[in-house]
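Below you'll find a set of structures to go through.
What follows is a pair of complexes built around chain A, which joins chain B in one and chain C in the other.
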Partner chain A sequence: MADEAKPVTNIKTPMRLEYRYSAGVATSRFLRGIGQGKILGQRCPSCRKVYVPPRGSCPRCAVPTVEEVELSDEGTITTFAIVRVPSENIDVPLPFASVHVLLDGCDIPFFSVVQECPVDQIRIGMRVQAVWVPKEELTSTLQSIRYFKPTGEPDVPFEKLKEFL
Partner chain B sequence: MREVAIVSFAQAPNARRELRNEVEILMPVVQEAVARSGIERPFDFTCSGSSDFLQGQPFAFVMALDAAGAWPPIPESHVEMDGAWALYEAWVKIQTGQAETALVYAFGKSSPGDLPEVLATQLDPYVLAPLWPDAVSLAALQARAYLEKSGHSERDLAEVAARSRRSAKSNPNATVSGDYEVEKLLATPHIADPLRVHDCAPVCDGAVAMVLVAGDRARKVCERPAWIRGIDHRIEPHSLGARDLTVSVSTRLAAEKAGVGRGAVDVAELHAPFTHQELILRDALGLGANVKVNPSGGALCANPMMAAGLARIGEAASRIWDGSARRAVAHATSGPCLQQNLVCVLEGA
Partner chain C sequence: MSDLVRDEGGVLTAPHVLEYPYRRSVGPVLGRFFTALRDGRLVGVKTAKGRVLVPPAEYDPETGAAVSDAFVDVGPGGVVTTWSWVSRPRAKQPLDRPFAWALIRLDGADTAMLHAVDAGEPSRMKTGMRVVPRWRAERVGHIGDIECFQPEGE
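For the complex of A and B:
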C-alpha cells in the first residue's frame, strides 16, 4: 500500500495540567477533623438535616450550613453490596461488603467497607463501628477510617431506616 | 417576540484565590440574586455556565447545583461556555413559552490551575493544543496584527487599561482598580510582546447570578426592568489561521441581528479580556465616542472565567436599573481571540 493510502492510526500528544486543589471551607474542616479522629458534619438551619461529609450547603434547601456537629463513629448499615472482584484501589481482603452507613445523629449515609464479619451475615439494619488507623497514623484523608466492623448490638428495625435508603 | 427582562443580578468579590469551594462561592450570590428578584423558588428553568477544566475537578457543575437547590427536582441545563450563553438558552426557553422565570448563574474557579495553559486545551487537540500555545501568547499574536493594521500603538492599549482601572474604583467587586499613569504602565516589561500585564485581564475566582422574568410579571417585581430587546450570538472558524484576527466579524453580525444600531447607546459593557480586544469590539459594534464603555472596569479589572460575559450583561442591566442608561449594550466572548461573540441590547422602557 502506498504511504498516502495508509491511515495515521496513532499520534502521541501528552497533556499535563497541575492544580492546587482547595477542598473548600466546610470540607477542609471535615478533613482536619478526620486527621484528629473526629467525624464533623454540618446541620442545615432550615430542614435540620445533618450532612457528612459537609460541603457548606444543604442540597435540598439551597442554604448555607454553618452549625458544626460532631458525629459518633458508630452507625447502621442502610444498604450494602458484596464485592468479589479485586480493585487495586481498595486494600481489604475479598470478598468484602461496600456499605452505606448512617452514622448516629446524621441524616445522610456515608460510604465505607465492612470487615471482621462474614459477608453472608451483612444486612440492612446491622450496627457497625469505624475502625481507625492507629492515632499516630491519622491523616486528613478518609484512609484514616480503615473500615467498619459489627458492634454486636441488636439490629435497627427497617421502619426506622426506610427514609435513608 | 416575548418580552423578557433581567430583574436582579449579584456577583462574588472576584478574589485572586478563593479557598471556598464552588458552592460556597456561588450560594450567597444565588441567594442574593433570588432575594432581589422578588421571585420565589422554584424557577421554571435554571441554566448555568462553567468549565471543570478551570479547577481540575470533574463534575464541578453538577456539585454546583447545591447552590441552585435541586429538590424537588428542577428543569435545569448547563453550558460549557460563559454564562452569557446560559442566559441565551434561558431566554430561548422563555420564548418557547415553557418558562416564565429563569435563574441563570455562572462560576469559575481559575486559581487552582495555570489559566493561560488550561485555556490551551480548548484548541484543536491534534495539531495545535499539543504545541501548548497559551492564551496570552495567542492574544499577543492578535494584538500585533491589530496594531500593525490599525495604526494604533501600545500607548492606546495602555490608555484602555488606565481608563478601565480608573472606572473600576467604583466597583467593589473588582480584582484590580486604581489610578495608573499611562507613562508608568508603558515602562513595565512586556509579558508577550506587544502585551504587558495591564493589557491582560487578572486571573480570579468568581461567580454571578441573575433572574430573568417574562412580560407583566417582570413589571410586577421590578420597578424598572432591564428588557432584553435584542440578543444574538455568532461563532467563527476554530482555526485561528482561518480568521482575520484584526476584526470581529461575529460581533458585527451579532450586533446587527440584535439591533444595536436601532437607537442611541448610552453604555456598553464589553467582554474584552485584553486591551486591544476592546478596540476591535468598539469597531465591530460601531460604538461612537460618546458611548460610556465599561463603567464597571470591564473584564480587564475582574475576569471570572465563564462568568465575566454574564457579568457584563448584569453590569449593563444595573445601569438601566439605576437610571444612568436608557439603552445599554452588553457583549460576551468565548474561545481564543474573540472566536465566539454574543451581543445583547437592554432597554429601560
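For the complex of A and C:
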C-alpha cells in the first residue's frame, strides 16, 4: 500500500469510561413519574421554588425538598441552540433545536429538543408542549418525551422570562 | 421499564458511557518511533550527551535541551527494570489473561519504556530478567504493534 511508505503522523488514542449512573431517590421518583406520563418536580419549603428534575434539595437554601408537584408538560423556551453537527447518540434529524423549556409552574428550565418547527423560527419566549411516546411505550427514562413542539400560543414576553435565563 | 434501567433498592440506575474518539498528532520525534514500530523495528534518539532515550522524546528530560537528530536502532530484546502484576486484566488492556506491566530497558537504550510482559504467572517475573517483543503480523504504527513482551528463549 502507498500509505505504508508515509511516516506515521498521528495515532488513535480513544478514551472510554463505563459508568453505572445512580439517579438518587428524588430523581428516581421523577423518572417513575415519567414512566406514567407525568412530570414530577419538587418545591423548596423555604424559597418556594420548584425544581425539575428534582435532586432532593434546594441548591440555594440547602434544605431538603420533599413536597412533590406535578407539572404541566407545556412550557416556554428560555434559550436554545441549533445543532447542525451529527452525534452518535442523538437520532433526531439535523438540523434541530436543543432548548431549555421552562415548564409551567416550575422555576428551572428543562433540557430537551424541538421538532415540528423550522429551526429559523425557534425563539426565546416560544410556547411548546411535550410530545410523548405512545402510552404503551412509556419507560422510566427521558426517552419517553420524544421532543417538544410549538403550541401556537402567543409568545411569553422577555420580561417574564429574564429571571430564568 | 427500559431493559438498561435497574431498580437498586428503590433507586434507579442505568449505564452511562463517556467516550472520546481522540486522534493525536505525534510530532516528528515520536513519529519516527511509531513509523519504525510499523516496520517491526525499535528506535531511540540520542541526547546531546549521547544518552539514548526510548521511547524518544523531543527534549532531554535531564537538561531540557533539544535532542539530536540521531536516531538509533535498539533492542529488540531488553531487561525488566521493575514490574507490577495484573491479576485481573481490564477489557482494553493488552492481554486478556494475567500479565505484568513492566519497565523494559531495551538493549542499547539508557531509559526504560512501559509495556506488558506475558509471563503466565508472577513467579516467572523477576527484575533483571530478559524479555523480547512479540510483534503483531498486521502493524499500523501504534504501541500495540507489539502485542506484548515475553521471557527471552520462549
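By definition in this document, the second predicted complex is superposed on the first by the 143 of 165 C-alpha atoms of A that agree within 3 Å, B and C clash if a C-alpha of one lies under 4 Å from a C-alpha of the other, contacts with A are read in each partner's own complex, and residues count from 1 in each chain.
To be clear about the criterion, contacts are C-beta pairs under 8 Å (C-beta built on N, C-alpha and C of every residue); 3 or more make two chains touch, one makes a residue touch a chain.
Just so it is clear, the structure is predicted and the values come from calculations on it, not from any experiment.
When the shared chain is aligned, chain C comes close enough to touch A:N10, but chain B does not.
With both structures placed on the common chain, the touch criterion links A:T141 to chain C but leaves chain B unconnected. In the superposed pair of complexes, A:P64 makes contact with chain B only, with no contact to chain C.
Look at A:G35: by the touch rule set out above, it reaches chain C but stays clear of chain B.
Using the contact criterion defined above for the overlaid structures, shared-chain residue A:A23 touches chain B and also reaches chain C.
By the touch criterion defined above, A:L161 reaches neither chain B nor chain C. Legend: residue contacts after superposition of the two complexes on their common chain; A:A97 is shown touching neither chain B nor chain C.
Touching of chain A by both chain B and chain C, each in its own complex, is seen for residues 11, 13-15, 17-25, 27-28. By the touch rule above, chain C contacts chain A in their complex via residues 1-2, 5, 8, 10-26, 31-32, 34-35, 37-38, 92, 141-142. Residues 4, 7-25, 27-28, 31-32, 35, 139-141, 143 of chain A touch chain C in their complex.
Chain B makes touch with chain A in their complex at residues 18-24, 27-28, 30-31, 41, 53, 55-57, 63, 65-71, 111-114, 117-118, 121, 125-126, 129-130. On the chain A side of its complex with chain B, the touching residues are 11, 13-15, 17-28, 55-64.
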